[in-house]
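Chain lettering (A, B, C and D) follows the sequence in which the chains are written, and residue indices restart at 1 in each chain.
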Amino acid sequence: MTDSIVPVKEIEEKMETDKMWIIMGPQHPFSHGLWTLKIKVDGEIVVDADPIVGYLHRGWEKETENRTYPKIIPMADRLCYAASMTYTHLYCMTVEKALGIDIPEKAKYIRIVADEVCRINSHLMWLAAVGTDLGNLTVFLWAMREREYFLDLNVKLCGARMTTNYPRIGGVRNDLTELFERDVIRTVDRFEKALWDIIALMDDSSIIVSRMKGISYISREQCANIGMTGPAMRGCGVDFDIRRDDPYDNYDKVDFEVPVLTAGDSYARYMIRIEEMFQSCDIIRQAVQKIQALGKNAPYRIKTPTKVPAGTHFMRMEDPRGESLMYLVSDGTDKPYRLKVRSPIFTNVSTSKVMCQGCRIADVPAILAQIDMCLGETDR
Amino acid sequence: MTIKYLDKYPKNLAKSLWVLKPQWTVLKLFAKTVVHRPVTVLYPYEKEWVPENYRGRPGLIFDKCVGCGMCARMCPTACIKLVDAEDDNGKTVKRPQVNLGRCAMCGYCAEYCPVDAMTVTPEYELAEFTRFDLIYGPRRLNYEGTTEGMKVKLEVTLPSDIENGNPERRVSLFDLDRPELIDSKCIGCKKCAKVCPVNAIEMVEKGVNEKTGKPILRPVIDNGKCICCSNCVDDCPKDALEIKEVL
Amino acid sequence: MSVVVEYTSILDFIGFNSYSLMDNQYYPFLDEYNLPYAISYGLWKIIGGTIAWLINLIFPGNPVSEWLMGDGASTLFALIIFMLIIFIVVFVCTLISLWMERKCLGRMMDRRGTMIGMKGFLQCVADGLKTFMKENTIPGKVDRMTYMWTVSLVIGVSVLVACMIPLSGRWFVVNYDTGLLIVMAFFALAPFFILVSGWAQNNKYSLVGGMRAAQLMISYEVPMLIMIATTALLAGSFNIGDIVYAQNDNVWYFIPQIVGFITFFFCATAESERLPFDIAEAEAELVEGWQTEYAGMKWGLIMLADYFRGYVACAMVTIMYLGGWTLPIIGDGPIPEIVFLLKTWFVFFLMILVRAALARVRPDQILNIGWKVFMPLSVVNLAIVLLLKVGGVF
Amino acid sequence: MDTEAVYQKPSEEEVKTLLTEKFPFIEVTGTEPRRVYAKLPKENVLEVCKYIQHNLTFEHCSTVIGVDYVDHMTVVYHLSNYWNGLMIELSADLPLDDLHVESVSGVWEGANWHERETWELFGIVFDNHPRLERLLTPKTYEFFPFRKSYKLRGSE
């Protein structure tokens, strides 16, 4: 009699249920920006995913070849609206390396402060996106409220909210404005308190935790191999942070922890980012102390030649979303011969097939929120 | 430094009663915002405080401007154009005109202006009905309450000064760079003297051409007047002038 | 009656002093007093009396005036006005709960909510007008008839069930002995139409949304019915009025049935497709779920129907666990309708709180919650009630 | 040094000696702290990359970059070690008449999209790539927009 019992799996295979392609995007609430994710579903289970990007391709790298070096700084701002400061910083560092100059200490610390403010900014934007993707609008608004204080810091620092245009080749645009040190410390102190409230809303809610825990597991080896970088990578157990292991500017002179989790799931990636915000607060406090120790009249910007000697140079840095890299080919004129940007999300989004396979349709936004999508830098 | 969040989480959700703690958090804020007002700024009726150096539309102090075109050269979006305008004495002068439809509010014009005539202004409500209205002429660019903080100073330190152990000396970018003549290339066409916005170039006779008998003219640059706008360098037909950078 | 007079006073026709509601031979509510019907009967006496008087002025002694003032016509027209009154009251209550959601949700999120007119209440009206003025677009490849019919039925059933909720012992439409069952039956109808509508729209998001509505329904419907049976068991009747007065006589049922109260509250949230359980229209992954292809007026009405269902869910919680329109010690009181509505809005406030604090569950999680949490809890609740009943406490 | 052993944390000098010992055709053009620059002929790219990935534990391929030097093209690989932050820059020159190079997306999956991008913008063909299709530009493009021969239109 046992022979007549057909295993369930065989029945399922015999039924040959149709797989269905669902095309999410480019206008879709989950895609924060213009991109498309085609998912192939078997019932509710995703069996295949195919991201399509390129709707925002502006030829950024080609355009820079026709501009003088200082004019590229505002363009680098527009690579990513949420992390504009880091891209400008990276571009300036690359050109400085090509010029072979060393910038003043104060500028380095100011850049650290600006970078970390920008990192918190970007992470808060991501937190807001996670909130909406999981269906909780309160997290979105609370995170955006906190972000607003950091945008105000940007205004205080350089006069602009998002596209800051602040770092310059050879330093920064202007000195710290009056009382900026006081304001930044106050904001950071206030923010640490407010973040616990948001954490209470996210981590103490069993619904949100169960939506993220245990889904889209990626192992350490696979994560390194598919090129995932940033907080997502550290959530998979790769203990690597460019700020610590390949320090640029003065990151080797401030003291901070790099959070690493080995769980490898969506929740681990979430937790890494939250912890990074706390660490950024610490870095800001230390950097502000160092700036105050340097004194008010310390130089913050040095004069640089307009023409860059020929050669190839590259720099990399820890963007809020991962490893970003700029490769500069200069030919001795005042315009770059070629400037290539390695955007972290460009590679991270290519892993969405690995991340989404085997999960359900409802998990897709929750998983892809952990990439922290920004199309400006993906398509360039 | 210490790990702050990962020490406490993830925690046993049964202890926080699964879903009750977030509700309590929300209820606390609800009680707070019912008593006090929410954090919202009711925008058209009340506005946020903006600092002095806020980067709104560019502004122009008409009388200070010398019409050198540095702003137009540095503008990354090419939205600044030099146009003819009448100054107070009825003379036709060159002044910048800004197309705010293309302006990216990067503040480069204010930063690179050698005479601090271009400023940033805290004016950010710029909507108009037509695109034509968005083009701000030189007179319209004037901003009433221009203060000292709106003039973005371009202060740099020379790397050579830092090496010499005198790092505190800050100079403007344009104080030291001067155009330099390569005598063999110059043909004495007087173009540089014509384009110089501050009349810092004077054509001086340096002898007589032996073949034609005409005088040989060479530009002499008055370092006190020069603002290093590099107009002469750009317009020189034989590339006889180049900026000598002091580093 | 056919007395020819030269001049008749309008008061004769209105008969304000002389009419008696219950004496009418066609009185539809048997021997119970019904407030909205009494109001509409009085209104018809005034309106119909005026019309009859005007006709009588022109054609003295005509039979039309007489018919208008007769028992049959009065009942007929009074019933029409009665329906209007019931609907308008429910409609306004729903709009108020919509307004309340916007304001409270705003405060919970540290923002202001709607602000246009009357502290933001007129925003509902403005939104309604806006959706009504939109173009009535129907996508090309939908099954037109099913597409229209299902949405009409979803809206119709929601409005119907909202109107059938009694506001007090004197404010009801029908007073069946099986009132609770009938309300719940109509309440549970909408997901069927949502499912069919999802098929009809020729859209993958709608299809998945419709399937999810069905999936949602099978997970909460069974524990919900068990809890209704428990309440009926405790009260000894399915009649809504009996249940309410039984609570007034003993104790509000959320005290013996605290487990059932919480479970039913979440089931009711799921029934009205509000946030922790709005998987059928999960906007993060399914754009608008089964409503994706509906635009303009249809979408506005669907939105309104959602709030009708939210109102019904809260009203059911109030009736079954919070003592309906009665208050302890006072009992019915002078205005039980207001008491009932206040209680309903309080329950709605709890729903808003849940919406603000929680995130959306996954479709497989709602099945788990429904069958592994709600179902045992409702059975436990039933067991407790049985023990109480057998022990003779109630 | 043992060229077959697995080194988890190789130093710059170790990388330099290992690469030059194992592959005599590699020309190490320079080293900086945590940076090694090397040049190699295009035929050996895959072989060298496999060695670097397995024996030197460079687990991550940051970018694959194409550069158009008008008379020839260059493919640049940036490889990164997660254990000590070391980076290797490999560059291989391609003659214009033979723009083919072996794909490394089998070694590092992360190089997949970078190679696609380089192909569509420069026309450098990566052999044995699983899916060499247009990624950022429309599928109808039949030219390679980032080459120097492609002039930008515009007033500048």
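To be clear about the criterion, a residue touches a chain if its C-beta (ideal position, glycine included) is under 8 Å from a C-beta of that chain, and two chains touch if they have at least 3 such contacts.
As the structure is a computational prediction, the values presented were derived from the model and not from experiment.
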Partition of the remaining chains by touching, absent subunit A: B, C | D
| item | value |
| --- | --- |
| Pair of chains ranked first by number of touching C-beta pairs | A-B |
| Chain ID, smallest distance between chain and overall C-alpha centroids | A |
| Between subunit B and subunit A, distance of the C-alpha-averaged centres to the nearest whole Å | 29 |
| Distance from subunit D to subunit B - Cα centre to Cα centre, in angstrom | 40 |
| Between subunit A and subunit D, centroid-to-centroid distance (C-alpha), Å | 24 |
| Chain centre separation in whole Å, for subunit C relative to subunit A (CA means) | 48 |
| Touching two or more other chains - residues of subunit A | 138, 145, 201, 205, 207 |
| Two or more partner chains touched - positions in subunit D | 156 |
| Touching two or more other chains - residues of subunit B | 19, 22, 25-26, 29, 39 |
| Set of all touching chain pairs, with the criterion as stated earlier | A-B, A-C, A-D, B-C |
| Residue ranges of subunit B in contact with subunit A within the complex | 1-6, 9-11, 13, 16, 18-19, 21-22, 25-26, 29, 39, 48, 50-51, 53-55, 74, 76, 104-108, 111, 120, 152-153, 155-159, 162, 167-168, 170-171, 173, 243, 245-247 |
| Subunit B contact footprint on subunit A (complex, rising order) | 67, 70-72, 74-75, 77, 101, 104, 138, 145, 152, 155-156, 158-160, 163, 165, 170-171, 173-175, 177, 192, 197, 199-207, 209, 213, 255-257, 259, 261, 267, 271, 274-275, 278-279, 282, 297-306 |
| Sites on subunit C touched by subunit A in the complex | 105, 108-111, 204-205, 208, 275-276, 278-279, 282-287, 356-365 |
| Residues of subunit B touching subunit C in the complex | 19, 22-23, 25-27, 29-30, 33-34, 38-40, 42 |
| For the subunit C and subunit B complex, residues of the former touching the latter | 104, 106-108, 110-112, 353-354, 356-358 |
